[in-house]
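Have a look at this one before I ask anything.
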Amino acid sequence: MPKLIPIPYLGRLYQVEYAMEAISHAGTVIGVLSKDGIVLAAERQATSNLLEQSLDNEKIYEMNDNVVAGVAGHAADANILINQSRAIAQRYLLKYNSPMPVEQLVRRLCDMKQGYTQYGGLRPFGVSFLCAGWDTTFGFQLYQSDPAGNYSSWKAACIGENFSNAQSILKQEYKDEEAEAGAVGAQMTMDDALKLTCQVLSKTIDTAKLSSKKLEFATITLKAGKPAIHVYTAAEIDEVLTKYESVIKPTDSQ
Amino acid sequence: MPKLIPIPYLGRLYQVEYAMEAISHAGTVIGVLSKDGIVLAAERQATSNLLEQSLDNEKIYEMNDNVVAGVAGHAADANILINQSRAIAQRYLLKYNSPMPVEQLVRRLCDMKQGYTQYGGLRPFGVSFLCAGWDTTFGFQLYQSDPAGNYSSWKAACIGENFSNAQSILKQEYKDEEAEAGAVGAQMTMDDALKLTCQVLSKTIDTAKLSSKKLEFATITLKAGKPAIHVYTAAEIDEVLTKYESVIKPTDSQ
Amino acid sequence: MPKLIPIPYLGRLYQVEYAMEAISHAGTVIGVLSKDGIVLAAERQATSNLLEQSLDNEKIYEMNDNVVAGVAGHAADANILINQSRAIAQRYLLKYNSPMPVEQLVRRLCDMKQGYTQYGGLRPFGVSFLCAGWDTTFGFQLYQSDPAGNYSSWKAACIGENFSNAQSILKQEYKDEEAEAGAVGAQMTMDDALKLTCQVLSKTIDTAKLSSKKLEFATITLKAGKPAIHVYTAAEIDEVLTKYESVIKPTDSQ
Amino acid sequence: MPKLIPIPYLGRLYQVEYAMEAISHAGTVIGVLSKDGIVLAAERQATSNLLEQSLDNEKIYEMNDNVVAGVAGHAADANILINQSRAIAQRYLLKYNSPMPVEQLVRRLCDMKQGYTQYGGLRPFGVSFLCAGWDTTFGFQLYQSDPAGNYSSWKAACIGENFSNAQSILKQEYKDEEAEAGAVGAQMTMDDALKLTCQVLSKTIDTAKLSSKKLEFATITLKAGKPAIHVYTAAEIDEVLTKYESVIKPTDSQ
Amino acid sequence: MPKLIPIPYLGRLYQVEYAMEAISHAGTVIGVLSKDGIVLAAERQATSNLLEQSLDNEKIYEMNDNVVAGVAGHAADANILINQSRAIAQRYLLKYNSPMPVEQLVRRLCDMKQGYTQYGGLRPFGVSFLCAGWDTTFGFQLYQSDPAGNYSSWKAACIGENFSNAQSILKQEYKDEEAEAGAVGAQMTMDDALKLTCQVLSKTIDTAKLSSKKLEFATITLKAGKPAIHVYTAAEIDEVLTKYESVIKPTDSQ
Amino acid sequence: MPKLIPIPYLGRLYQVEYAMEAISHAGTVIGVLSKDGIVLAAERQATSNLLEQSLDNEKIYEMNDNVVAGVAGHAADANILINQSRAIAQRYLLKYNSPMPVEQLVRRLCDMKQGYTQYGGLRPFGVSFLCAGWDTTFGFQLYQSDPAGNYSSWKAACIGENFSNAQSILKQEYKDEEAEAGAVGAQMTMDDALKLTCQVLSKTIDTAKLSSKKLEFATITLKAGKPAIHVYTAAEIDEVLTKYESVIKPTDSQ
Amino acid sequence: MPKLIPIPYLGRLYQVEYAMEAISHAGTVIGVLSKDGIVLAAERQATSNLLEQSLDNEKIYEMNDNVVAGVAGHAADANILINQSRAIAQRYLLKYNSPMPVEQLVRRLCDMKQGYTQYGGLRPFGVSFLCAGWDTTFGFQLYQSDPAGNYSSWKAACIGENFSNAQSILKQEYKDEEAEAGAVGAQMTMDDALKLTCQVLSKTIDTAKLSSKKLEFATITLKAGKPAIHVYTAAEIDEVLTKYESVIKPTDSQ
């Protein structure tokens, strides 16, 4: 994300910075782009035996058939924006009979956010998004947006608590052979991406042992030429964590 | 409920926290999910011989044929939201000729709440809800919502005065064999749920003797494949209290 | 009335508490439910030979054929609400060709009040009501509402100056054989109710001698199966006061 | 007028009290009800040879064929309310083909006033009225209204500067044989009323000699069964003052 | 003008007083009623050789065929009100095919002013008017209005700088034989009125020598039974000043 | 311009004075009326080799075929007003098939400005205009308007930085034989006007040497009975400056 | 850009200055006009290996077929204005079937900006633009606009961080043979312009080595008589940087 310039506006924009601050206490969300899909992973901050985990998707939402989003921040605000985004994507589908391009949806989402920073008598939406999507023009894309309505496109990104920590691990470990040449797409496989995600999670989440209780996972891949979103069950998450135990272990020694 | 992040917004969101504070002085409401229904119990703070108890449902309201809600907070605010929710549920029924799914109704209710936290010149609704409902897709569900418009799904939950106390008892005593595996549904029977509810009430309500004067009870179960809401009469409440006297007694020794 | 929780909202709700404070200086209004009707009595604070008493109903208004209300607080605010309530009740009659149920009318009245506590740029209505009514479903009912829009159902209630004093006398003296069992309806006769009202008035109104100058009386009873509202003339009030002189006398010795 | 309770609302209602204060510096208006009519008299504060007295009705206005009003306070505000009231009365006449009942008109006037005390961004109308009228139901009636929108019915009343002084003289001197019994109507004749008015004026207006320069007079009586409003010319006022010189004289010795 | 009561409203009405203060620094406008017409005279504060005097009517405007007005205060505000008044008068003419009565037009003008003192988010119009007009009912009339929307009818009046000074000279010198008896109309001729106007101007305008550079003059008289407004040219003004040199001279000795 | 009275309004009108202050730092604009046309000249404050001078009319705009305006103040505000004025003039032309009279256009422009000083939530337009125009009724006219919406008609006027300085030179040097008699029109020729303009510019603009880089020039004259506006190119400006070098020289010795 | 006068408005215009301040920390954007086209170059402040550079145009946007813009400031605000500008240009095309003239589009963009500085409850758009375009009337044009809505036409201009530095280099190095004569168009070729751009970038961007990672480039030229916009790929940028290495080198020795 472009460095947020400390803009000394009177009134409104302070609120954006407060919102940013609040998001920096929300559960971490990580997105990693690979050549055949995108991995989204999110940390749940609320964990209780009493929570009905199977129903309660606190952090990851489908926005459209080709877009899945991870959110950090104020859940009620996120609901409003997700509802709106879903409606926008559906209206596009109805009108053009083709799925809405990813950036276009992200842009509409961000324009809504921007409006709430500019008009009096409103507070900005206190929520950041990582949107993972696929369209025929640009393939897999990973966008990050902030409460001010700025967005940018990433190969691997992170929002929420410890995001700067996670970002620096991602920078070190992300493998992108063509990165220097500026070509589109990464050279990691989905397996690499899942492994990297687990590695980052294990170093940023403050817990003795990573488990499906504290995590949500989703992927978007291509199946038969169509984007397929998969939100992991608790069992699947534990399976992934077991598979990449090797990269998770080192946390203990940290 | 997810831990409320102390969001340092200027203006509006402080009001949400004030509303939360107010709710923490309202009469306790407890909800317990069992495999064949849900128990809701609420503490009445206003008790007077002169109150016409049979007419005065202070805490528990039917929202729809398949949803019953317990409220904590500002009663006049609750009335507005319940009226709206009822109308929403009825419009859904009229349009789709099938009862509104529980989460969808809760979400609409929460979106109304969220709006009042974001626009200037309004104060947030000062009320939390425990919504117990049933639909064909997810069976029995228990949702909790706060004044900010956040909601989450629970197996057993508590709002109002002493809610953290009640929450910790629920955690200890709630029996859920499959909880670890993350499966939907609890393994308690309705009898277990009623018993647990009485136990929690006896430890959280500050009174010499629990009686129908200070309590409201409601259940939602399935009768002939259809959800049936039952709001207990004073006599029925006293009957329940007598039945589970054993778990209530220990309060005295506390 | 449920204990008003000192809600620390910024701005609006303080106004509700100020309104409550103001009401506590307004003339007392007492309502007593009996098995065959309801008595309403109100204290006039403004007494002057020059006031045209026969025209000036300061405290008690008919709201509908089946509802009569006593008000405490800001008279001009009360006028607005009474006008609205009358119109609502008439529209109901026109639409359903049956009188509006009492609680439904009270609820509509309270929803209007609630709206004025939630939106900016408005002040809450500075008035409390005691509404005495009858409908076929619940028989005689006595509701009390406050400026915040809360209401509750009572067997005997009091608003205005000295209301806590009056409330405690009512608690002591009110005879309700079935109160413990929570059944609807009281066991007092209208005569008992009138007597109790006089007794309470004599102890709460700060005057040497109760007279029709300082009082308004109204009853709602059933006549030929229909609710009949009777607002007492000065002569009738004095007659009542004479009849129950025995219970009034003790005031002097207080 | 009912004692104005010092309501501690934040914001708006202070404005009402400020308006009341302002009215207490406006020229006195006195109204006296007799068995065959009502006398209105008003003090002009602005007296200058250069004022075109014959055109300049500063204090007394006809509101309808059956209602005449005296005003104390902000003249421009009064104009707005009088215009509105006239239109309301005319619309009523057009619709029902019978003159608008007096209290109904007063109530509409007061509802307008009340609205300006409740909504933000407005100031209350800074004006009190004494409305003298006649209708077939209640005969002659004298209403007083304040800036908050409260009104009450009087046998003799006074607004403006020295109003408490005037009010106490009225109380002493007003003859109303049936006052105790609470019957409608006073026992004074119009002559008695004019005399009493002069007496009160002479004691409340701070001037060496009462004259038509400082006064406005109007009466409403019945002529051939229809209400007749008469606004006195300067000559007629002086004639009245001469006629009742005897009760005016004592002022000097005060 | 009636003495402005120092009304202690919060907010808006201070603004009226500020506007009044501002008007007391504006160029003086004088109006004198005679039995066959009205003289208006105004002081120009801005005098420069470079001003295009023939086009620049700073102080006196025709409002309608039968009304001419002198203004003191904020010129841009005056333009708005004059435009509106002209449109109102023309609409009246169109509708009733007879010129609008003078007081009716003044009242409409004042109602516009009043509105700007009562609603939030507006400032009052910072302008006073002297309106000289003629209609068939009341003949020649001279009205004065202030920023609050109050107006009154005068035989001779003055607004702007030194208005109290001018007013007292007018009081002394104005000849009105029937003033005592309160009859309509003055006994001065137009010549008397012009002379009196010059006399007052010479004593209130702070200049070595009165000249057409600093003055505007207008008259309204009857010509062939119709009102005729005449705005004086510079030459005509100087002619008038020469004619009444005798009453102007004394200024020097003041 | 009439002396701006320091009006002590709360709120809005301070803003007008601030706008006036800002204008007094803007580049000077001078207008000189001659018997056969008007000269407008303006100082550019921004001078850079990199500015595309041929496209960048910073100070002088055509408003209509018969009106050209010079602006001092906030350029973005001026754009809005000029756009509006052009549209107004075109609508007039369309409706009446004759060019809009100059004062009428100026008045509409000023009414727009006035509105922004009276309504809350707006700031006044921070711009003054010198409008030079011609119409068949009044011939050549030069109007000046300020941010408050006041305007006046001048023979020679000046706005912006050093305006009082320029105004006093104009007063001294302006030749107007008939000025005393108040007749319309000046006796200068266009050549005189251009010369005078150069003279004033040389004494008010703070620069070593006047050049087309720092100046804009425009004239309005009659060609074949129709108004012709000519905006000077850089070459033409330099030509004029060379022609009147004699009156410019003295600046150096100042 | 014309020197921004420090306008002391209360409230709104401070916000414009804050916005200006914020822009002075945004990445530099440079525009250079040559005789056969315009070069735009922009500095990216956010550089990360993880950014998907090929999708993320942070600084340069096509506005229309004949206009390309570089932005400095708040990205979310820029998006709104670019969306609007694109729609405006398309509507023009649809209506007139010819591309919108460049200045007309810039003016519409600036009018939108101006509106946000004048109305309450809004904050100004925090973004400046360099718009490079071509139309048949004026050929190639380069406009700069600020948050207040001011714009001006330039041969070479710069916005963002270090803009005054860059501006002074541009002034020194820009070759414009006819500049003195004020003719339209510059005498540089596109090659000269690219070289100059590189030279300025190397002296204003604070980096060890200029690379495509930190830069965006775009040109607008004529191809077959039609405007052609070309946004450079990373490879093309590096190619340009290599080509003009000679003018870039000196930075090191600075």
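The letters A, B, C, D, E, F and G name the chains in turn, as written, and every chain counts its residues from 1.
The criterion applied here is as follows: contacts are C-beta pairs under 8 Å (C-beta built on N, C-alpha and C of every residue); 3 or more make two chains touch, one makes a residue touch a chain.
In this text the structure is predicted, and so the values were computed from the model without any measurement.
Trainee: Give me the set of chains touching chain E intersected with the set touching chain F.
Mentor: none
Trainee: Nearest 5 degrees, what's the C-alpha rotation angle taking chain C to chain F?
Mentor: 155
Trainee: Hey, how far is the Cα centre of chain C from the one of chain G, in Å?
Mentor: Spacing between the chain centres: roughly 73 Å.
Trainee: In whole angstrom, how far does the Cα centroid of chain D sit from the Cα centroid of chain E?
Mentor: 32
Trainee: Report the inter-chain centroid distance for chain C and chain E in whole angstrom, where each centroid is the mean of the CA atoms.
Mentor: It comes to 58 Å between the two C-alpha centres.
Trainee: Return the residues of chain D touching two or more other chains; collapse runs of consecutive numbers into ranges.
Mentor: In chain D, the residues touching two or more other chains are 120-121.
Trainee: List the residues on chain F that touch chain G in their complex, please.
Mentor: 14-15, 18-19, 21-22, 25-26, 45-46, 48-56, 58, 74-77, 79-80, 83, 116, 120-123, 125-126, 212, 233-235
Trainee: Considering only the defined contacts, which chain E positions touch chain D in the complex?
Mentor: 1-3, 5, 7-13, 33, 103, 107, 110-111, 113-115, 117-121, 138, 141-142, 148-150, 152-157, 167, 170-171, 174, 176, 179, 181-184
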